[in-house]
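Below you'll find the structures, each written out as structure tokens.
Next, two complexes with subunit A in common: one pairs it with subunit B, the other with subunit C.
Presenting the complex of A and B:
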């Protein structure tokens, strides 16, 4: 990752913010502040909050410690879910990748879970794992596990035959082949899946935190902002999740770059 | 072979191999050959004549359907470091440094890091890659990474090297440089070598003996002893005896006159 890319990314972020602020200023007093919400009218809605009201709301959320605590609590859940899910998914994927009989066994389940939205699993997990932390963490872990499973499985499957032959010809037993050939050769695919799973974990947390929703949590912050509705809170909540996704993605990207440093870099 | 002589280091007797499938392909049929200790033998044949099949049988990856193969008198029943096999495809491990690649066979043997280091230092020195020891293979040229593959199998001190068209993918110039590098390596490490190629000049330049294979199903069609003194050089390639032998080999391979008529 070069500095040019970082600079361009920052410019993109700043430009979008400036455009938003301009749009909000233009809309002030012109946009309706009373909207029909299905059954009733809601007064004093700022469709595009100005930077002043965002600042005000943000200051409140920070000074009241709500935002910081929410970030800490949600991040903890995401990290736990990521760790659990990645470990389970990668181990299973390595196993099924190396043994074709297991692959056939796991195949339908992977497809099943792959397209099962978190929201659909939510009630089941509440019944199974209760209202506490475990159902939230496990919901994230499930989604993460499916993605990392696929990454590890296809990574192992994609190891070119020639490397295994060369290793066998040099006298390497199966265990050494696994450690020194299959695992490193599958590493790029595994790391790429971890990066995807990291983003997905943050998508899932917002849903997971609808379970026994309470402060502090980013999911509930967003849900609450939607219930009022309070657009500044929504935007701040979204921006916070977005910023965390960016940070986590950067970490995943660095991990990926470290794990594939032997590969040729595409310019 | 006289009575009491040691058994040939590598031996194939009446070997046949057929690839199964919708249209079964008879790759080898009635192939016999013997390679003596310390000999450099080139196996020359057209594309698809079963050269690679034979080498994979010797390496232990394929079992012959007919006949038998033996290494130092013992039958071959699986891959092993005793027969150092360099695949035709590029098989250097890109996630390992050059040194780790060279030491891989020693790691498999269970050698301690210090002992591995001694061997790899020496071998990398021999092919002039000491400076690249800790580089990843992506920094090497195709020719040099092939040489690393050759010393990678040399590191385990096998009794024979099986080289499958190691320089097939190189341009003519690099190819000649690599041939010289290999000849030099061989001069210092007198290993038995079975070298597969489709290039008559390469076979002649490197080998003590050239075996010409027939088109599929492959068997040994003709044998040529190459009694050209070593070290061979660029001048060798243009010497009358070299060219005369080359012409004979071309004739045996059925190449002569093909484009005229």
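Presenting the complex of A and C:
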């Protein structure tokens, strides 16, 4: 990362925020504040909240502990879902990837069900697991499991035959082959799928938290902000979710870099 | 030979799954949790519109098929059919792809081809990309009113944002070398774009297209679950208005039918994308 890149990144971000502030100032008084929403009018809407109202709303949300608690609760659900889902998905993917007979049977269903939007399961999960914590976590876990399963499965399938033959020729038994050849070679694919899955987990939570929606949760914070509607609240909620997605993405990237160290060493 | 064996395997696998499910449903014998296979089949028939024809009204069909299915009752009263819902959602997905793919691909090409644009715009892109599309539906509604916009824009956004990264890597990592060589030979402007940059980033873009498809379906259904009076998402949450969403007790049979329909539609669309992609990137295997 050279200095030019950092400088340009900062210039780009500052320019974007200045543009927003300008638009908000220009829009004040000019944008409509009374909006028809299909069934009724809503009053006092700030379509582009100014700096000051964002700051006010932000300090209120932080001081009243609402934002922090919501972040903690939602993050906990996402982390749990990610852990459960990726463990199940990766194990299953490694299994079907390594055992070719299993794959032949599983393959039609893998190709078929990878296109089911996991959100569609939400009403079913409410019936199966109730309105509590488990249906939210399991919905995220399912979403994550599908993606990581595909990553692990294709990762194992993609290991060049030569590697395995070479290992076998050198006398490695199946377990050693799995540990020292298949697993490291499948790692990049698995880790890439984990990165995708972290993004999807946060998409899922926004909807999953509408199940028996209760206050400390980011999904309900957004839903409430939309129902009133309170735009500063809404934008702060969006920014918070965005920031969390960013943090998780960075963590996934770090994991990816750590898991693929062997590639750099080999090169 | 191979194709015949594959389809045979498909059939066996399909029958096996149905068999296992039927058995499991019978063993558990809790129709409110795992509805028996016959009930799913009748739900399928009713959702295709036959229930309405037979009963001449929601209530009749309701008695016929699902003794306690609130969801089915609402859906039939509102005249919702599976094929109509699927058509609406497919339309939204296609619109999202038609607008989102070129947007995302152009932005990705720009970032991949110009170092300067990459430096200035990539951080902004990362910030924007981090916002889940389903989270800003209400904000769009405030700007553009209660209409089609807040169901379409999330899909467009999701597709565009997903398409950027594969295109970017295609243009920067794969096409970069070719572009340099072509520049050295004197290629400029249109020639460079049409003959070098686009074809060379093609395979990566096709990968992105297939991934965008899955994301588009998910976003469209999610947006419909939250705020739409039609489409598959509406069918899944059992109709009704926004305030009562997710409050009525769902009928698992209806949801299973919906999921199967979505899986089939997504699968069919992906097969098309795969075939199209293979045609468009023939050069890569030549």
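Note that in this section the second predicted complex is superposed on the first by the 239 of 267 C-alpha atoms of A that agree within 3 Å, B and C clash if a C-alpha of one lies under 4 Å from a C-alpha of the other, contacts with A are read in each partner's own complex, and residues count from 1 in each chain.
To be clear about the criterion, contacts are C-beta pairs under 8 Å (C-beta built on N, C-alpha and C of every residue); 3 or more make two chains touch, one makes a residue touch a chain.
Just so we're clear, the structure is a prediction, and the values are computed from it rather than from any experiment.
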item	value
Which superposed partner A:126 touches (first subunit B, second subunit C, both, neither)	second
Touching partner for A:21 - first (subunit B), second (subunit C), both, neither	neither
Subunit B or subunit C, by number of subunit A residues touched	C
First, second, both or neither for A:115, with subunit B first and subunit C second	second
Partner chain(s) touched by A:83 [first = subunit B, second = subunit C, both, neither]	neither
Touching partner for A:255 - first (subunit B), second (subunit C), both, neither	neither
Common interface residues of subunit A - those touching subunit B in one complex and subunit C in the other	none
Subunit B residues touching subunit A - in the complex, by the definition given at the top	59-61, 79-81, 83-85, 87, 89-91, 93-96, 104-105, 107-109, 136-138, 149, 152-153, 156
Sites on subunit A touched by subunit C in the complex	4-5, 8-9, 11-13, 16, 35-39, 42, 45, 47, 104-109, 111-124, 126-128, 202-203, 206-207, 210-211, 222-223, 225-227, 229, 231, 234-235, 237-239, 241-243, 245-246, 249
Of subunit C, residues touching subunit A in the complex	9-10, 12-14, 16-17, 32-33, 116, 119-124, 126-127, 130-139, 141-143, 145-146, 213-214, 217-218, 221-222, 225-226, 232-233, 236-238, 245-246, 249-250, 252, 255-256, 258-259, 262-267, 269-270
Residues of subunit A that touch subunit B when the two form their complex	160, 162-163, 165-173, 176, 180-181, 184-185, 187, 261-264
